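Before we start, here is the structure in question, set down as structure tokens.
Note that the chains take the letters A, B, C and D in the order they are written out, and that residue 1 is the start of every chain.
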Amino acid sequence: MTQRPNLRDLERLKRHFHIMHRIRAFEEEAERANRDGRVGGAVHLSIGQEAVAAGVCSNLRREDPIVSNHRGHGHTIAKGAEPRAMMAELMGRAAGTCGGKGGSMHIADFKVGMLGANGVVAAGIPIAVGAAQALRLRGADAVVACFFGDGAVNRGPFLEGLNWARIYDLPVLFVCEDNGFASTTRTKSVTGGPGPGPRAESLGIPAHEVDGNDVARIDELAGELVARLRNGKGPQFLWAKTYRLKGHTAADPARYREAAEVEARWQDDPIARLRALLIELGVAAGELDALARAARGEIEDAVAFAQSAPFAPAEAAFGDVQDVGAPQP
Amino acid sequence: MTQRPNLRDLERLKRHFHIMHRIRAFEEEAERANRDGRVGGAVHLSIGQEAVAAGVCSNLRREDPIVSNHRGHGHTIAKGAEPRAMMAELMGRAAGTCGGKGGSMHIADFKVGMLGANGVVAAGIPIAVGAAQALRLRGADAVVACFFGDGAVNRGPFLEGLNWARIYDLPVLFVCEDNGFASTTRTKSVTGGPGPGPRAESLGIPAHEVDGNDVARIDELAGELVARLRNGKGPQFLWAKTYRLKGHTAADPARYREAAEVEARWQDDPIARLRALLIELGVAAGELDALARAARGEIEDAVAFAQSAPFAPAEAAFGDVQDVGAPQP
Amino acid sequence: MNTISYLEASTLALRQEMERDPLVWALGEDLGRGGVFGQYGDLQRRFGPARICDTPISESTIMGAAVGAAMMGTRPVVEMRFSDFALCAVDELVNQAAKARFMFGGQAKVPLVARLPIGMWRSSAAQHSQSLESWWTHIPGLVVVAPSTPADNHALLRAAIRCDDPVVYHEHKDLWGLKGEVDERAEPARLGEARILRPGNDVTVVTWSKTVHVALEAAALAGSPSLEVIDLRTLWPWDRATVFGSAQRTGRLLVAHEAVRVGGFGGEIAAEAAEQLGVKVRRLGAPRIPIAYAKPMEDQARITAAAIAAAARLLLG
Amino acid sequence: MNTISYLEASTLALRQEMERDPLVWALGEDLGRGGVFGQYGDLQRRFGPARICDTPISESTIMGAAVGAAMMGTRPVVEMRFSDFALCAVDELVNQAAKARFMFGGQAKVPLVARLPIGMWRSSAAQHSQSLESWWTHIPGLVVVAPSTPADNHALLRAAIRCDDPVVYHEHKDLWGLKGEVDERAEPARLGEARILRPGNDVTVVTWSKTVHVALEAAALAGSPSLEVIDLRTLWPWDRATVFGSAQRTGRLLVAHEAVRVGGFGGEIAAEAAEQLGVKVRRLGAPRIPIAYAKPMEDQARITAAAIAAAARLLLG
């Protein structure tokens, strides 16, 4: 059950509601566009996991970087990126956040501190700790949030990166989005021991388990942890238990799990839960519907924008490679 | 203080005494030979750590493989390799265990189940779990012991390999020889959290701390753990706390630590401790001296053998590369 | 003879080798559900989870465990999903697999097959599209294979599995669906043998993997010079006799590959031919750019039939 | 002008760049005690542990953290100890450092310098002797450098640190002790410029790193043809103008390197020269064998002055 939020304020919850709807709408459009070919490549949807992105990022400032994994749309939106530029990226347009060079799997928006999704599982972890180290060298007091999945805790960089953050006391919030799966494999079946949290603890990093579908609780906990980071208390680990409601990619029918299991999990949809909470707190259904519609409208606008935006010229493939010894078209 | 051994028998302790002296003598000769150029490359001495090799390997059968790291002479001798062939390897001779191709850092003797030292820290861990998996596929009931240092627990393969052993329930005894250093760095200063044992526990592997200079206790504990492995109880972790009495390599004067610290640690020399215990148990000093002399004699014989053994012909460099597409001299 | 796909040919090959030798097994992520491209089919149901082994996302240990398992006398087939992810396992492949036999003076061999699917597929951007086969040719101890047809994926994979050396085996992601005739009872191929797919008089075109099909297309283009198209099939060892024989006949050698031209394996073959035969040489490969997501930019990294024909014309002078 | 060693030249270069730019820093194992070869000297005492950062044995994260730190505007110098250990950090170097700028559409650059000491030193066997510089030339986004003298190690390291691209910087372990004149106030080198070290008429010899000294020795051998010795200094970008200019003059090009010949960077240069200029080419490199421990076998992997002279004679003859 959703816990009674130790409320900061109702407006904050409504903002979460808006952002989570924006993520949901963005990914539903991306899914559709991937199926009909307007968006290419592998598209990893975070539908069902929106509460983690919203709850964590709402505690970050624009100058606090985040590092993401392959499932990065939600983090990017929650960090404040423009849906137009994001959808343009997914459609490979010059107006995309990466000029069409990255696509969904490499979405990034450095303007808002989003240092990139990544096609290699766990590769973002070392990048995040290095970013934190650089910020310290530069005298900035920003903090870094690093998102990864439960599958990433079985790769070496998980150990190396967390140890690194600990020994240098870096202000990094590690966020493990435990959605139960690594592609088609149930992560539990390939993960020894008691799981991500205890692994972090064994590396000296305090771990905090949280219901990953409860945005109010995530927001509150992330707020506490980010405050600790800002107070120089060293790295923190957030273990958010959630569920991947869609397949691994938009093209994955996910036949390796029962329809009934997925259906049951839809009952725990973080957006529906937040809606119920807000109604319980006295917000009018009409106001919420308006917020949801607004979010949907923003995304429809983004799709329209992206579809009519031009592609970068083919020769742009020769740009952004390197300064010294740059390739010639 | 050395614990009263829950004695299997006195003969066993005397065998340890002999083997530990053999290791000590071998490495003292290797050190000398490295200084005067008879042995080349980097030579990593395990002087002060002999109890771990002796205590663990005495519980293994010939067909139980071990995998080692760069500091592998002790493990190799304790597993039963011939000092002559070993010293010949260090001197690069054709009669060496690897025909002179490996040298100290790649010493190996497959005949006695010694699958190799390794020049890459932590690289032996995945190899060890794979060896265990292969043994299971082949229906063998052998167990594998994997030796590595306290520096190796900060590399990714530590996490990956231990997790692997856990999820497939492989009979691997992980032996962390915690000698306080990784080259010139005190390992504590770069290791977050409570250390190797708790890291193993967080991966679901029972960890057992032991005084790494107490061969009787190591033998006993390793005996218990190997029995568990043979009974299908899954992987085990032995965390042996010891000290590297010499420099990182035979060429390292180790100026990064005080002479007083090293001197104090010599008081805890595992060989001296074992000698004191045996005397306390009533063994005559003369008998022990004879054992030590015998060990020293075997090594002197090995040096003499190696020095007079021929080098492999230069063209042997073209052998053992590959079958398909083999290089031509 | 059956008409099956390049993907199915690999499933068949692995199945046959697993039936033949109980010490052949495979390990990698999601293999129980067929693997990321379905190339492991229902093999786990057939052989059980110990021989079709689902692993965690632990590339270093997938490769490293295979090294240990190979040294202990089994024949692991290592699935890396995308050749890009093998970059997480390079110590294990290069410092361990390739060198163990030598370092240990021949005490053990390392008969593993590392499957590293290469190449551009569709809009997969810079971390899922690479072709780095030339790297492995530079590493003593490794055998390097890159089949272009279903029949070869069957015959070469079986040969790779029986080979006592570590083999880096490159399937091309854009060929999975390619259909062709496969004789299930055929002998495994001999590693190191190229094949002349199309005779020609003017220019010898040496190529492998997907670019074989592009070269055949080029040869069929109206106005193209007469191209002799050689599918190299194995990059190490490469079939010098066949390549040199053809190049000597035509007097002109073009090497074409999808990988980046600079530092690509085309340089090795062209340099050898220039050095040993003195024939005219030319190379085609991708420009030195990462592979972009958006199609117009992505296409800049593709070698086209027109480009091959044009390069051949330049050689003709 | 001071006469200092190749090693000291690198310490000086790093010190000067750290004094000049507070965002230059270094990370790696044991740097506080000077690094494995002493090349970090007393820099930690001078600049503190945040800028000369002692790390755990975590190559993936040493390189990966540098990528993050470089994207955030600092200039990390990454110490890998032995180029062999960089094989534990290839995803980070190739999939991340080299591609980040491109994948993210130019939103960030990755100005890191990865120091990968290469080469045979003394009896260090197969895992501590490799030269894999050709690999990095194949990777779009990377700059590749290999200095052969103290002056160049000073001037090129400073240039590498100021470069906005990721630079793979290869020092040769056998050159640490080499002494030479270094002008502390000299400008940093320009990356991509080769240098003709010795003029000659018969054969252009292109080489880099330690083999430069072997080539000079070959040129001085009695009975050797007249060799024009070019130190390439930077492998990517390589100085085509200087190499081609010389090769056109002599009509003969020999590329010699310590790395394995098959798949080595010699193939790239020889193929380009054959293709573009039609000059006679030849390559020298190590046989395709791992490097053995025992000296007689180890020496089989060495390129000698006599071998260079003989290869040059073959080109002439």
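Structure notes:
In the analysis below, a residue touches a chain if its C-beta (ideal position, glycine included) is under 8 Å from a C-beta of that chain, and two chains touch if they have at least 3 such contacts.
None of the values given here were measured: they were computed from a predicted structure.
Omitting subunit A while holding the rest fixed, one finds the remaining chains still held together by touching in one piece. Set against the Cα centre of subunit C, the chain with the most distant centre is B.
The distance from the centre of subunit B to the centre of subunit C, each centre being the mean of the chain's C-alpha atoms, comes to 40 Å. Chain geometry summary: the mean Cα position of subunit A and that of subunit B are 45 Å apart. With centres set at the average Cα position, the gap from subunit A to subunit C is 36 Å.
Touching of two or more other chains is recorded for residues 96, 98, 100-102, 106, 118-120, 154-157, 160, 163-164, 167, 189-191, 321, 327 of subunit A. Residues of subunit D in contact with two or more other chains: 55-56, 58, 60, 84-85, 88, 91, 95, 102-103, 125-127, 140-141, 236, 287-290, 292.
The touch graph of the protein chains shown is complete. Contact residues on subunit C toward subunit D in their complex (touch as defined above): 84-85, 87-88, 90-91, 94-95, 98-99, 102-103, 125-127, 132, 134-135, 137-141, 236, 259-260, 262-268, 270-272, 274-275, 278, 280-283, 287-290, 292.
On the side of subunit D, the complex with subunit A involves touching residues 22-23, 25, 50-51, 53, 55-56, 58, 60-61, 63-74, 76, 91-92, 95-96, 100-109, 140-143, 163-165, 191-192, 236-237. The touching residues of subunit C, when paired with subunit A in their complex, are 29-30, 32-33, 36, 54-60, 84-85, 88, 122-128, 287-290, 292-301. Within the complex formed with subunit B, the subunit A residues making contact are 154-160, 162-167, 189-194, 198-199, 201-205. Against subunit C, the residues of subunit A that register as touching in their complex are 40-42, 92-93, 96, 98, 100-103, 105-106, 118-122, 151-152, 154-156, 182-185, 189-191, 256, 311-318, 321, 327-329.
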